[in-house]
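Before I ask anything, here is the structure I am working with.
By written order: A, B and C. Residues from 1 in each chain.
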Amino acid sequence: MRRDLTPRTLALIVAAILAAGPFAPQWTVFLLTVALAKGLVVLGLMILLRCGLVSFGQALYYCIGAYAAGLLGLRYEVSGVFTLMLAGMLASGATAFVLGFLLARYRSIFFGLLSLAISMILYGLLVKTEALGSSDGFNLLPSTLAGFRPADAWVRYMVLAVAVVVAFVAALLVNRYLKTPLGRLAPAIKDNEIRVEYMGASARHAIHVKYVIAAALAGLGGALAATTVGHIDPEMAYWTTSGEFIFITILAGTGNVIAPFLGALIFGIIQSVAFDISPNTWQMVLGSSLLVVIVFLPNGLWSLFSRGKAS
Amino acid sequence: MEQLLAVLIDGIIYSAWLFVAAVGLTLIYGVMKIVNVTHGSFYALGAYAAASITGALLAHGMPPYLSYAVLLGSAVLVSVIVAPLIERGILRFMYAKDEVVILLITYALFLILEDVIKLIWGVNPYFIAEPYGLLGSFDIGDLTYPYYNMILVGVAIACGVGLAWMLNHTRTGKLLVAVIHDTEISRAMGINVDRFYLFTFTFGSLLAAIGGAYTAPTVSVVPGLGVEVIVLSFAVVVIGGLGSLPGAALGAVIVGLVRSATIHYLPQAELFVIYLVMAAVLAFRPRGLFSLAEARKI
Amino acid sequence: MNAFKKAVAAAVVAALVPAFAAAQEAPLKIGVVSFLSGAAAGPFGVPARNSAEIMFEMLNAGKVPAPYATKGFGGALLHMNLVDESGGTTTQVTEFRNMVQRDNVDMVIGYISSGSCLGIAPVAEELKKLTVFFDCGTPRIFEERGYKYVFRTAATATMDSVGAALYVRDLRKGKIKTIAGINQNYAWGQDSWSDFEASMKQLEPGVKVATSQMPKLFAGQYNAEISTVLAAKADVVHSSFWDGDLEALILQGGPRGLFKHRTVILTTGETAMYKLAGSIPDGVVIGARGPYGPYAPNNELNKWFSKTFQDRYGVPPNYAAYHMAQAILGTKAAWEKALAANGGKRPSQDQVIAAFEHLTFESPAGKVEMAIGAGHQAITETAYGVTRKVHGKMTVANVKRYPAEMVNPPDGVKAADWIASGFKKK
């Protein structure tokens, strides 16, 4: 068996980002941080996709994570980045643990659509909650780290550094998980669940675990996005947000834990360039690039990097 | 009592609209196993074509009563041009891919079509109010309803009955049912599945365009019209059971009546009641109300 | 198609003009943000963009009437950096940062959605970039905290609801027993209704709410809501619907008799009144979110603006277009005031901000005072009237104007508190 190069590659990327961050233009720092936040959500979707499940409602957990972070700030004036992310992760994970008993029974399109329905119910409830700003949402406190608030010019870098470290740890853990027996069950569940059951493994249990992991990652991403952007609103739970995450998942491919982050970054760049060069028809640019990727890179952008190794 | 009657009528009108908007989705899913996001684009295309063509003809002195036929004609025109283009030009190369990937392809096409619509028709709204008021209205107690709403109900019934008749009583329909149940075996039996895919996609899209065309006189035709319809139609056909025609009808009636009752008795909950119904139905009937039993393939 | 070509042509012109003028003074790069896609594009976003294009072009050519006849901003020509407001707050915050830090714009003028404005304001503050909101309505922005770099040159939505309540009170003196509402279920609709309801309860104590319908935004089908409103038999029906929803409500409500036997007030009705002239009967109360469109004063600036806009785009400017022109002219006024105070030298951003605070300037809609929000939030007068067709042309009649102080809270008082206090002056 060949040695897994992923941890080393990841560490190199993280070191490069941390070193280059102070010198990079501020807008790229922000773009990168948002990409990391979305990448975390997509990492979770990737785990689900490996066993053939696509959630059209992952925005539910993204939004729960963001609102958990936002509420901590609003009610208790908490602004520490780590605390907020932990809160987001726990809130989403706990919700997923409960909902998982229901959702782990569902497969294919029905899994997707039931998640969609649940996330739209949350959207509706939040829009009805005028105390939380209804559809306008509310702003978060400026981010701090362990009670420390750096000068304005360094806030972005600080959040980026935290995001990079968190994403690094998450990616490593997921990478490990995918190699455990439970993780390796995914392709088998995708191919034929009944065979999995005959082997003595419980597909439902495996899916429940994956569902909670994916949700926790989405909550982490949501809280990170909330503290990075500084504003949250119910749109985070709307189905178009979920659509964006699936878009990135397919764009990225499921080949490696680095792919989701790369996909999110490239998505951010495409969107930003499209907004800049064709503000009137950016949707067309976005749609066309997705088509091109699906047609010419059926395994996602990641196949550009892995092709050499595979052959 | 009168309120109950109002709930019923409002609910039926909304159900009719939902059914026409959603039934094409269930047909396409049943035959092709594609969750077709461009359904919303065809709804919007139908509305735009109907509003602009009918509007232009009315401005040139067409007798207003002809507009009901022109609405239908516009929907046919636009879907017969665009749907085969999409199916033959793009989709047919993708059938080997995953269900989800095809869904995403239709999502990408939807994004592109949104901007195409904007490039053709601009962002300003189109109206054709004439057909809505033309037939006069009837009163129930204190409430007035234009007869046009009954046309919508009629269109829904015609679509449903026509589709059922086609599936059960024509050669094409029977072959289609065979494709629905098992594509591989149908192919092995010598059915030209490709031709059925083209037919189904065009016909399903036509139904969406008809939905848009007959809604056009009651709304303002603006960008983003198709977005709302996508998720609503998903909800309806999922409640009924994806791929089931009676399911789509039942789903539309349930959603229509529940929404109408909510508006009359508990307006606060209107925002999410449809999704609540969808979640509740799926929780107890994981594949919707009328689902085909799936063979366990070992 | 034609409008698109014109837009392209205008963009090319806008891109070329500064190139020729570069010799005189460095041009000003201004980020302009408005909805170019989605449902808000047609009624607000594109008219606002069109208005910005006219203003930029005419200002650069020095063709705007006094007091704005100088080229560009005090001689510095203007270059537009246009961005779509769609995609949600995260996208908007990203694009704002890109504009400021990548494209190095000198200032940003934009934002229609209140959600965008709430999200952008703290970022503008963090990046220390002058940002002028031209249209968004929520009063929360300057109520929740103070901003140095953020200004809003249009009045808040509070003005629309308070003005609406005053007008229907004046229209049907003492005869209002019950009110009903049909508003979109999101912040704008909820706030509009709660301000209207609270104002009515102050103005007509004892008034009852017959029903408050809150359909989902862009629902499109309103038969059931219309039934409940009709069945409720309220004296006054209030709606802050806009765009497609508003037009659908008019188209579906008209044949069902929604506008008969009761006073219906459409607070943004102006955007639909010409397009749907055939479907709106006489006697419907129409608002324009301020003294815009049919309520705009008959001054030179307005004659020039409405004619130029009408000539180029074939339709009269609606309130979104006025709001955009107002924001650009207000910023120009502040810039030139700072220029004069700086002895004719190009002012720094801080000097422009100092000049902007508590500024009073003229717009096509008359006088605008940056009076509240510690000098960052504009107040204007407002006006309401009822529709009346004269020889088949849609006009407004029975117009009443309400001075700015009467329909806007005093500085430092929250809108909701001000209404609850019975509109107490400070």
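Couple of notes before you dig in:
Everything that follows uses one rule, which is that a contact is a pair of C-beta atoms (placed from the backbone, for glycine too) under 8 Å apart; a residue touches a chain by one contact, two chains touch by 3 or more.
Given the structure is predicted, the values throughout are model-derived calculations rather than measurements.
With chains as nodes and touching pairs as edges, the resulting graph is complete, every pair of chains being joined. Counting contacting C-beta pairs between every two chains, the top pair is B-C. Here the CA centre of subunit B is 36 Å from the CA centre of subunit C. Chain centres here are Cα means. That of subunit A falls 33 Å from that of subunit B.
For subunit A, residues that reach two or more other chains under the stated contact definition are 127-128, 240, 280, 283. Contact of a single residue of subunit C with at least two other chains is seen at positions 4, 36-37, 185.
Multi-chain contact residues of subunit B (touching two or more other chains) are listed as 114-115, 118-119, 227, 268, 271. The part of subunit A that touches subunit C in the complex is made up of residues 25-27, 30-31, 34, 127-128, 130, 133-139, 142, 152, 155, 225, 229-233, 235-236, 240-241, 268, 271-272, 275-276, 279-280, 282-283. Contact residues on subunit B toward subunit A in their complex (touch as defined above): 35, 90, 93-94, 97, 99-101, 104-105, 107-112, 114-116, 118-119, 227, 231, 234-235, 238, 242, 268, 271-272, 275-276, 278-279, 282-283, 286-288, 296-298. Contact residues of subunit A toward subunit B in the complex are 49, 54, 102, 105-106, 108-110, 112-114, 116-118, 120-121, 123-125, 127-128, 192, 194-195, 239-240, 243, 246-247, 250, 280-281, 283-284, 286-288, 290-291, 294-295, 298. Across the complex, subunit C meets subunit A through its residues 4, 7, 36-37, 82-84, 87-91, 93-95, 97-98, 100-103, 114-115, 118-119, 121-123, 126, 138, 140, 144, 185-188, 190-191, 194, 217. The touching residues of subunit B, counted against subunit C in their complex, run 2-3, 6-7, 9-11, 13-14, 17, 114-115, 118-120, 122-125, 127, 129, 132-133, 137, 142-146, 148-149, 215, 217-220, 222-225, 227-228, 259-260, 263-264, 267-268, 270-271.
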